[in-house]
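Each of the two complexes below includes subunit A, the first together with subunit B, the second together with subunit C.
Coming up: the complex of A and B.
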């Protein structure tokens, strides 16, 4: 059995390089997990969580299920390349094991046809079956490759208006990848031209090569050599290009299933997230900055690029700053990378030189109110600019006989989230400490807030011992349990999902339940996860009023399309944004309910 | 002297010729909308921090304009960045950006100005995309 030829060397060198660099990188990243993340891993590593992790890795890494849900063709393209190639390798390995039961070098799975050109049914009875199967798989992969090339020319049919601008390294790696499969077909066909082996496709192409008259061992050898070089090049470039996501995604899914979260600092886990980004560019299309303003250099994929790439790091600050933090990209990301948290990490790093503690000493004299048996109501800063919301909430509290403590009726202490979003981590912690002291000290039974920004902060960043509710959740509960009787009036309403409430906290149904109880709710084109940002989000400190207005107008047009009588929202900030557009009546859910108590 | 109920106060005149405007220029470059400020004081009236203490954002940015930087850094720390001033401002001045950048400049942190990388290429790409969209 002849099992070695010089041409396998590039392939073997590539595999070795890939192995060495991947192990080195992963080892370094795993070493730099922070203490909390290590503790989480240690706690959960012997649990059954690896089972859902395996399933998710198979579903996302090979079948690309989330991308398929976005667009069937795009999903097919990714699946055929990933799953198809995976099957080619696996079936090739099985074939090699069956053909050589007494051991064989590992490249036999890849270069089987070169070393075993004779289709001898006595030695290996399944040869014909395997040859046809491999051909079918190769067609599957090539169809995906054809789609990928088509996408390069015209990406619309694959559901992408705009595609990513790649770095040079990524483009070279992609070219190597694109060469692999046509070269494989060509080499197998050239062998087939000489020996007449192969499946339905390679044999056909082999006959063509024979007819042209170039079927000779030198040509065959050249083809196999080129194929090996393409593979070797791709494997060498893989750890330094976007194709690192292929393996990294599996690790990321496993760590995520173990319960590891990102922290406010860049850790090894962040490095896994950075490399798990396949730079597919799905985050670009949904981004309101792209849709309305045509700004296409700050979306998730470029932000990660700027953090990962040392050369681009001088842009990291401006890229991280110029974002609304509406979480649309987080909802769209097929790898579920927590883009907002990574963006915040960059902001925190940049603000560190002037993020000092002790600015809020003036809050020392603010004392909690003894509110045993009451609920605490936190209007939030923005509600003070829309007093209709707070007075409606007071009406509702009085209507159901609920005693309450309006925490910030006179003086507001901010929840700290706007500071944290901008990267002032220490100052935000100061405010959180004060608010926690106020809420815990009051002995209130529950905290209700009108502002989704505060709501997300209280739920995710605070560690309160009492339940936290947004007022839409609270009103929904009151109506469901029969405490609050409302009448249905005939208003037609569209609902605007605030970013922080919807994508931030997953509250989509409660506001809709309330609105259905009181009004007729109309559907819009972009709702729930796809809702549009109102543009006045506190996340972006750099946009000017004109740009914000453009984003707001797009959201307004979407809401006005079904011709409602009123636009309903659940966020004082969004309400204020739409109020500025003057030509439309906009009301908070609390106001609509308070006007319809029976 | 105290018996008379008055004291000699320091001179309060400001010589604009002596003010170095580099910090203000930087601020205007980073926050262009600050040029539109008419000093109405809406920001100060709505301020959450101003409800507790004598934090006065109009006074602070006026002092910054006049080059009176003493104690400003300390005072600016009182701001909670809640953004009410931003929504109140009748001129659309980006007050949060103003505050953040005043602090940045006073702390002497090197500022990377917002510059889209390779703008010409982005324009070209945009034009190409529009062309495509038209065709469809």
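Coming up: the complex of A and C.
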């Protein structure tokens, strides 16, 4: 049995390089996990969580289920390349094991047809079956490759209006990848032209080569050499290109299932997230900055790229700043990378001067009160500019006999989230400390807030010992439990999902339940995870009013399309955004409910 | 002689109609409200000479009685189109009207104070607009939210004007002097009530405006604070608490008042917006655009379509009437 030829060297060198660089990188990254992340891994490493991790890795890494849900063709393209290639390798390995029961070098599985051109039915009875199966799999992969090439020319049918602008390294690696499968077909066909082996497709192409008259061992050797070089090149480039995501995603899924989260500093886990991005560009289409303003250099994929590539680091900050933080890309990302957290890591400005010598002396001292059944109500800064919301909440509290403490009715401080979003960590922490002191000091049993920004802050950034509710959740609870009797009026409304409440905290159903109880709720084209940002989010300090207005108008048009009587929202910020446009009736859910108490 | 359609029976439309009719033109005037001059009849007195607004309305209404003027009240023109050399108008009931020439006098609408929700209009009972105040002055019934004589009234300038957040960068031009006029009226009716005016800067540009400003301080004790009010909130006794910054003192301040009067600015009316758009003569902020502010201020880019009054920009009544006369002269010279 002949089992070696010079042409396998590029392939073997590629595999070796891939192994060495991957292990080196992964080892370095795992070592730079922070203490909390390490502790989480240590605590959960022996749990059963690896089972869902395996399932998710299979579903997302090979089947690309989330992408398929976005667009069937796009999913097919990714799946045929990933799962198809995976099956080619696995079936090839099985074929080699069955054909050589006494062991073989690992490259034999890849170059099987070259080394085993004469299928001897005595030695290996399943040879024909495997040859045909491998051909079928190769067709599967090639169909995906064809789609990928088609997407390069016209991406619309695959559900993508815009695709990613790749770096040079990524483009070279892609070329290598694209060469692999046609070259494999050509190599096998060139062997088949001489020996008549192979499955239905290679034999057919072999006959064509034979007919042209180029079937000779030199041509065959050249083909196999090129195939090996393509493989070797791709493997060498893999650790330095976007194709690193193939393995990294599996690790990321595993760590995530173990319970590891990104922290507010760049860690090894962040590096895994950076590399798990396949740069598919799905984050670009949904981004309001692209949709309404045509800005296409700051979406998730480019932000990660700027953080990853050290030479582009100077761009990282301006890219990170120019974002509404509406989380649309987080909802769209098929790898579930926490893009907003990474963006915030870049935004950190701890060198900014911080002076709070005066303290918060203007705040009144909180007197603990009889806390039985008493809730604290935090309107939020923005609700102060929309007093319709706070006064409606007071009406509702009074209607159900709820004892409450309106903690920011007079003097008030911010929840801290707007500062945190801009990277002023210390300043935000100081505000959180003071608010926590006041809330705990009041001995209130629950905290209700009208502002989704504050709500996300209290829920995720504070460590309060009492439950936190947004007023839509609270009103929904009151109606459900029969404390608040409302009447249904004939108003037709559309609901605007605030980014911070919907994508930020997953509150989609409660506001809708409340609206259905008092009005007729109409559907719009972009709802829930796909809802459009109002443009006046506090996330982006660089947009001017005109740009914000454009983004707002797109959201408005979407909401006005079903011809509602009013637009309902649950965020003072969004309400202000829509109020600024002329002639749009907009109301907060609390206001609609307060007007319909029976 | 040619026929002309005038859209809008305010001071601009009526003044132009009267002149054109006197020169033998057949004039049709369209008004979407039931009666003409609704933006004057809700006023009490006019600056700077405290003339009775009703008198002026009367005088203008008299001019409509010419036999060459056909009035179409309660008729909202919703579209206009070219018809050969002339124009065809359509109202909301589907009726069409034709004429050789067209004069747009669709005017303004007061800024909707609901859009500045932080100021609490329609949420706190003590918050009113300058139009509400004018009505209270006219009816001699300046009362706070619980029906008592107010101890303090605060006027806030530039609500919906010179305000990026409400999308209007322009100055509405007449709120400064209106607030001064209203504060004097207030002091005339209720000498014991304190009057404050919060302003960014006072634009006393017209004849006798500056004198009025001085008078208000010397003779009536109206107090002026430079600074905008950032937010208002209700108090338990139906009054309004305001937060502002006195930018001359450089200090934040809080004040409780019985009435907060929002001096609302002028915006293009719905009619102006729609028809200017339809005719393709849209200018900034939804107003109609004239060809040139100096020489051809009554001409539009469309031949045979003329403009006058506050459909172009904020104007006082005196400016509006003068502009209507200028429009009439322009039309007569071309027709």
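Just so it is clear, the second predicted complex is superposed on the first by the 573 of 598 C-alpha atoms of A that agree within 3 Å, B and C clash if a C-alpha of one lies under 4 Å from a C-alpha of the other, contacts with A are read in each partner's own complex, and residues count from 1 in each chain.
In this section, a contact is a pair of C-beta atoms (placed from the backbone, for glycine too) under 8 Å apart; a residue touches a chain by one contact, two chains touch by 3 or more.
Keep in mind it's a predicted model, so treat the numbers as computed, not measured.
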item	value
Contacts of A:545 with subunit B and subunit C, given as first, second, both or neither	both
Which of subunit B and subunit C A:39 touches, first, second, both or neither	neither
Partner chain(s) touched by A:431 [first = subunit B, second = subunit C, both, neither]	first
Contacts of A:387 with subunit B and subunit C, given as first, second, both or neither	second
Which superposed partner A:169 touches (first subunit B, second subunit C, both, neither)	neither
Touched partner set for A:297, first subunit B, second subunit C, both or neither	first
Touch count on subunit A, higher of subunit B and subunit C	B
Partner chain in contact with A:576 - subunit B first, subunit C second, else both or neither	both
Subunit B and subunit C footprints on subunit A, overlapping residues	384-385, 545, 576
Footprint of subunit A on subunit C - complex, ascending	112, 114-115, 117-118, 120, 123-124, 164-167, 231-234, 267, 286
Subunit B-facing residues of subunit A, complex	154, 156, 161-162, 165, 294-297, 312, 314-315, 317-318, 321-322, 353-354, 356, 358-360, 362-363, 366, 381-382, 384-385, 410-414, 416, 418-419, 422, 424, 427, 431, 536, 538, 541-546, 573, 576
Interface residues, subunit A side, partner subunit C - complex	384-388, 391, 409, 545, 549, 575-576, 579-582
Residues of subunit B that touch subunit A when the two form their complex	32-33, 46, 48-49, 51-53, 55, 73, 77-84, 87-88, 92, 94, 96-97, 100, 103-104, 106-107, 109, 112-117, 121-122, 125-126, 129, 132-133, 136
